[in-house]
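Structure below; questions to follow.
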Amino acid sequence: MPMGMRTSQEYKKSLKMMRPNVYKFGELIRDVTTHPATRRTIEGHAQIFDAAQKDEYRDRLTTISSITGERISRYLSIIASAEDMIENVRMKRLMFNITGTCTGGRCVGFNAINSMWAATYDMDQELRTDYHERLKTWLASAQKDDIALAGALTDPKGDRSKRPSEQEDPDMSLRMVEAGADGDIVVRGAKVMIAGVAAANEVFVLPGTGYKEEDADYAVSFAIPRDVKGLTVVEARHPSDGRDMETGFDNPVDYGGITQGYLLFQDVHVPRERVFMAKEWRYSIKAVLNFIAPYRSAIGGCVAGQGDVIVGAAALMARANGLSEKVFREKLTQMTVNNETTFGMGIAASVMGKLHPSGVWIPDAKLANVNKVHVSTLPYETKRLAQDIAGGIAETGCLPSSEDMHSPEYGALLQKYLKANATGETRARIARLVEWLTIGEGVPGCMHGGGSPDGAKLIISGLSEIESNINLARKVANIKEDVPAPDGKK
Amino acid sequence: MPMGMRTSQEYKKSLKMMRPNVYKFGELIRDVTTHPATRRTIEGHAQIFDAAQKDEYRDRLTTISSITGERISRYLSIIASAEDMIENVRMKRLMFNITGTCTGGRCVGFNAINSMWAATYDMDQELRTDYHERLKTWLASAQKDDIALAGALTDPKGDRSKRPSEQEDPDMSLRMVEAGADGDIVVRGAKVMIAGVAAANEVFVLPGTGYKEEDADYAVSFAIPRDVKGLTVVEARHPSDGRDMETGFDNPVDYGGITQGYLLFQDVHVPRERVFMAKEWRYSIKAVLNFIAPYRSAIGGCVAGQGDVIVGAAALMARANGLSEKVFREKLTQMTVNNETTFGMGIAASVMGKLHPSGVWIPDAKLANVNKVHVSTLPYETKRLAQDIAGGIAETGCLPSSEDMHSPEYGALLQKYLKANATGETRARIARLVEWLTIGEGVPGCMHGGGSPDGAKLIISGLSEIESNINLARKVANIKEDVPAPDGKK
Amino acid sequence: MPMGMRTSQEYKKSLKMMRPNVYKFGELIRDVTTHPATRRTIEGHAQIFDAAQKDEYRDRLTTISSITGERISRYLSIIASAEDMIENVRMKRLMFNITGTCTGGRCVGFNAINSMWAATYDMDQELRTDYHERLKTWLASAQKDDIALAGALTDPKGDRSKRPSEQEDPDMSLRMVEAGADGDIVVRGAKVMIAGVAAANEVFVLPGTGYKEEDADYAVSFAIPRDVKGLTVVEARHPSDGRDMETGFDNPVDYGGITQGYLLFQDVHVPRERVFMAKEWRYSIKAVLNFIAPYRSAIGGCVAGQGDVIVGAAALMARANGLSEKVFREKLTQMTVNNETTFGMGIAASVMGKLHPSGVWIPDAKLANVNKVHVSTLPYETKRLAQDIAGGIAETGCLPSSEDMHSPEYGALLQKYLKANATGETRARIARLVEWLTIGEGVPGCMHGGGSPDGAKLIISGLSEIESNINLARKVANIKEDVPAPDGKK
Amino acid sequence: MPMGMRTSQEYKKSLKMMRPNVYKFGELIRDVTTHPATRRTIEGHAQIFDAAQKDEYRDRLTTISSITGERISRYLSIIASAEDMIENVRMKRLMFNITGTCTGGRCVGFNAINSMWAATYDMDQELRTDYHERLKTWLASAQKDDIALAGALTDPKGDRSKRPSEQEDPDMSLRMVEAGADGDIVVRGAKVMIAGVAAANEVFVLPGTGYKEEDADYAVSFAIPRDVKGLTVVEARHPSDGRDMETGFDNPVDYGGITQGYLLFQDVHVPRERVFMAKEWRYSIKAVLNFIAPYRSAIGGCVAGQGDVIVGAAALMARANGLSEKVFREKLTQMTVNNETTFGMGIAASVMGKLHPSGVWIPDAKLANVNKVHVSTLPYETKRLAQDIAGGIAETGCLPSSEDMHSPEYGALLQKYLKANATGETRARIARLVEWLTIGEGVPGCMHGGGSPDGAKLIISGLSEIESNINLARKVANIKEDVPAPDGKK
């Protein structure tokens, strides 16, 4: 067992010991590790700790700290090379393979550390601040404690046509409301749709973008314990989450699950050593761009990893239905093409990146954003094909509940009639898995997670080399006349 | 108000008076009209009765009986012309427009009547039976009583490589187990994934296909009251159906909802006058083909009708987010293209049909099956685009529950932060509607409903005129040499 | 043989007798019926005359004149009902089946007559003009003479941000330069990319759109003999048109071919009785909209008709390669789906139309424009699949010339090595046909023919019922709050 | 200028000095560097030599020989690392950027050297042959002479259901007909659709696959001068190649062009030192698989490189039409997504490869074949979008010839009417470029080049880890029952 790295038991124990501040369905969750609404996501994240202990996964899930030289979780490491970035993509694929879904309480935090590693370096270089040193110190400690670190980016924003300082309600983006002489700050506002917060020990907060000088109070970045005073977490609903509260197999996955929380900051105090940006508004865009490129690369691994499970579930359903998966070869191959495309584009973006002076490797922005476009389309085809292969039983609303399957009155009849090339019970379980993956609790937010596809397209368009391509075209056909862009015409 | 047609109150009262035989979650539902698991689907079906009373919808939802000359529900009529069939497609679109989803407790029965109208006619002509007369008598009475009639086609089937009589368990398809001298029969088996049964007064049962002489007992068709002795109905789960049991707006639709039931026939007695096929195994394929063509035409109207609501919900969400729907014009136009395509193909299949000697109009099989292919793909793009437009709030798992929104502790904070170009509450309600339509309870089974797309492709392939097309190609290019198809080669 | 209808011999003779005014490659074509650049398109159009004489096609290609009661070519008829419009769609499919490509020297004229039939009626009703009577008289004569009538719509336009009268060069759209007291007019300008002019006896000219009062001179419509004084026709190049000049089979189609011409009007005199609009600028938009709906409906038949030949050519190539077309069933089925979709949408638009007071049936604009979107995408997939099935030999640039195949030195070797499940010569001929259909001379302009897909999308968007759909969404989810569209925001 | 590397003048001179053995249109081409049928492809290949001399491209087009330590053309190098492979992908993109199309007379040879580098190594190791040494010696000399080396893989094959030795005509795949005691061999047969042969000094021949012991004579690999005795080359036609013979701008590209030739081997003698496989039939499959992976990776660069020019040409056409390319942002972004996808997947396959013991880097087969699937679909969408953006003028058959544009009679009128935001002449030239790229001479064979997409799908399917994915699914949902694959069922 790697020195200094926690077991899943230690991890869960640490969560148990935290102040209860997570709510769902209007109620406070006393113990996130046992409450049905949060238990599964924590079991999912716990598997990261378990897998890190296994020889076969050790190199994928752990690495050597560039700060301390100790073996640490890859989720707390600085990505220093293309190879590190590739391992990141593969790690995401692996964790989706194991849990069937997202363990988002770690990857956003991981990305956030790396984006701020570069941004704090730039600030220190240019502004003579000491943010980078603070971050290094905090990170060394986080690595030593092997914490689960969530990351928080999205602000509520309010009226999208106005900047934060122009909003009627100044709290619509998270902001500093006090700055102590000692460098401590107090923050107010919210971060919304934050993945895996219930499963996290701490949360790393990033600033938003689009700020001008008047918005300086909104340019804040820091790390806080998830149970810090003044912070309330409300976990959002997801499809079919009523089944979390049931026994039976209608939520077919016990060791994996997604949560997305609303973080309500009611004047939370953040000590100086945990503050990594405070008013340096010009740097918030950098922080976010540094965040986007690796995030949109690695998400290709996520989607491929779930895609692998979808391929398996569809093929298994076909078998249980009594049909050879050979019948569906064309469809299964297309699903594989989709999986390998988001994975491959993540690899390509990783490789074509470049090293930031701070030592962080930043993937190629154009390829990363192209991948985001694929991530927002290809999995939808993969899921549709899975429903196509799996048949009516797995589509939507076509299978009685686990309770009905075991009814003393008619359960035996349902079991009898559901039997095919597997028992009725097994067929039903597989069908529930297909449902979970394609239209149920396992569906992650791959459309807007990490930003919208339209945002990605804007970046691609901005990075497109239209003038340069026009010049290629002109040279190839030897076109001499200057053809100016028509101004303001449509 | 049309003579002889029921009000929604009368309809609901008739359901209340039926023997309780519908179960869900292991429990008997005492009153389907008030129980949360079935209430919404009945409210959806009730709107058919309400709309039929309104001037603006009367001609779409009612017509004149070819048997009695009285005004009747279109759902109980014989489709006698292309115009009737077009009105069928439009009626489906309308009902999805009104309820947001499927009112499948009527359209399958409607189709079944029509397919058996032709099949019984053929049997009577060729076999000197009197099935057509029986059907006519039963239908006249059903029209008079203005019943809600579900239709049941899908058998469990068991091992798909064997015919019904070859199965280890002979009950895997519904079959006659007794035939009385008086023409009465007793049936055993199941019909599965049957839409809207809880909302129906009666169920019309169709035979399956692929029968040989040994399978004659499986060639049965009949109509029975939904609460007939020996019949047990178990309603299947659908996504997020736990929300049906809640108050609040997390199931955002109160007057519409889908159910799909498993019908367990434990030696059900069917009197002679309700039996429309009994052992005439050669005619079962006709019955099913007659069923498929209109079903796969009209489902284009269903999908378009829900698509209209999806367009509206996405545009409304964009507005509530503070974005002009003009930003999304390309996407909204594509959604409209998808809607009009399944609708248009339904119209085309209707028009290009032909009249069966019994007086039933049968749409064109090739165009109907092409439409089935579109119905199993285009709505998935429409839903993906809706999630794209609507933003993270409406995607999956990104919005707190209705209960949380009203929490005395932090509900006001959630409302505050969710506010944009609409109150937080309204934004949340719209987001729930988008979720309901795209990944929630409103998603109908358009992939396998009415049969699988692979089945449709087989029919298209069978109807394709490859030899004739090859001859066109040969003539166009004046190719004289005979090029035989290579036998058995790959 | 129908009374009064010409044979193909008479048709060709009439072309021979016309004044030579068609040019290509810088040279005047003395006899369009024999010159290799125009011969094939005329042979294609001649088949319309031949087919009209055959019993099997008579009802598709001819109809009864609503003016004279005589049997006439359908291409010269008024479309008076949904049935007429359906026959139009089917006629297009048939002619593509027979010639492999477009016989555009007739269908645009056919559409033009119909659109102006309505527009002249409206003008006469509202302005007390006599255009409709003139058109009727001219049309009765055209029907009697059974002329081939091309139609001309597209103006060069120049700077697209300015209206015709604002252009630096006033001739950039066709315009009246003189109006005689007798009602005769003189016109100048050009119509460009006009299909099948070489094969036409006369040309029917339509006005453009987007006119204001200052542009009144541009609102002109008339019919003229193709060889009228002052008119010069320059035929455009198409892919591989060098092969037209060769012998051998490298242009594999002898009885079909496309031309698109530039019509240069150098002060052409048009007598009063042939003038159907002169300065009535408010009516030009009507004329064009009347034109678009039937055109974009019927083009679905064109694309399906060529698609039938593409399916046949691909399957024949597979056979000749020694592969069973069964291997390609999925692809061939997709091609059939594409063909039936454009055909079906054409039918649907036809059926859902309505009758104009003048007696012209106008198809549904929304469905017609949805079809235009399909017509600009689906055939591209069909062609790609054909190249996929056909193998490298038929893709691009992979087959020696007909001359090489017959070289005394090495022709026998080529024939030897090209042999598979057919002789080398036959395989080569089929490959040339696939090339001709997918990347060669047979490819029609289905992207911009009849207007651009972006134009179609604009119309669809304009016809979309977003507000109405929003209301459906609101009602379904019982959303009360008014959510106004954010003004001018993005 | 790099030592030992040829200038384009030296390259062209070397071609001039070769024995004329290239034919087209039934005639022998005396000087391939000046004959219009081959001149352009040679000018395209010449630019490789020119670019290698330029500082900006030197590192992309040249590298250091692992054999001699000298700077050599990358096209003659051994790919020894992921970085080398990435440079290969980029080099392809660059050369398409510069020439607008394929310079296939070098890349296939490059791939062939590398695949045989590994295969000869394996043979030598296992069979104690000396092929690897021969190859090394020949390659050192080829590097020194800086030759242009084409590669030849595809056999005619004849009846595809039979192996080579089973064919009626034993010559349907290339074979040894004599083996001298000295190790020299004599070969007969053909290689077909071979790119860029006219532009090559030598040709590297690969064996096919699917051989058993009886087919040993077909397992041959060797390099020969392109003008070797007994070899006849017939160049195939490509779209619009008649324009090669014209002056004017209708073939708009003077310094680039594709050829694909048929190589007829009439008992060609190959000396021992140029023979790299002779009868080792078990190794032919290795040779081909080694070939496929890098080829299908690098072709992503080709397609992206042409895609860059297509983006530029479409945007330039829009400008010349007077429309801002901003109007087409969505389409141009999609084209960029397509370009970056094939490029990125090529990079990913490169990076995820592994080192063969011979020192050759072999890209990942699954990702490479996924890329082949994209290469056979995405460019078709890119071209369609280019035609969509460019308007009718650039679609097909809508622009008069260069000769007509300059006609003394009406050329000025055509120029006048074609003027928009550029002169008529420039608009026409750009339109010709769009045509050339999308439906003309510039279209490369990306569907079947390097093998068919169906072949790629078979490999993907073979490499798919269905069992492993099924196990993932089982673990995620804790499914215990064994569900065997149904045997032989459909």
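The first chain written gets the first letter, and so on, giving A, B, C and D; residue counts start at 1 in each chain.
Following the convention adopted for this analysis, contacts are C-beta pairs under 8 Å (C-beta built on N, C-alpha and C of every residue); 3 or more make two chains touch, one makes a residue touch a chain.
Since we're looking at a predicted model, the values are computed, not measured.
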Classification of the chain C:chain D interface as same or different, half of numbers criterion: same
Maximum centroid distance from chain D, chain identifier (CA atoms): B
A-D or A-C - the one linked by more C-beta pairs in contact: A-D
Rounded Å distance, chain A centre to chain D centre (Cα mean): 40
Centroid distance [mean C-alpha coordinates] between chain D and chain C, Å: 38
Distance between chain centroids, defined by C-alpha means - chain A, chain C (Å): 52
Sites on chain C at which at least two other chains make contact: 160-161, 322-323, 330, 421, 486, 489-490
Residues of chain B defined as touching chain A within the complex: 23-26, 154, 156-161, 169, 171-172, 190, 192-193, 232, 234-243, 245-246, 250, 258-260, 262, 264, 266, 321-323, 376-377, 380-381, 384, 387-388, 391-393, 395-401, 403-404, 406-407, 409-410, 413-414, 416-421, 435, 439-440, 443-445, 447-449, 452-454
Chain C - residues contacting chain B, complex: 86, 97-100, 249, 252-256, 308-309, 311-313, 315-316, 319-320, 322-325, 327, 329-330, 332-333, 336-337, 340-341, 343-349, 351-352, 366-367, 370-371, 373-374, 421-423, 425-426, 429-430, 432-433, 436, 457, 460-461, 464-466, 468-479, 481, 483-490
Residue numbers on chain D that touch chain B, as the complex places them: 160-161, 330, 486, 489-490
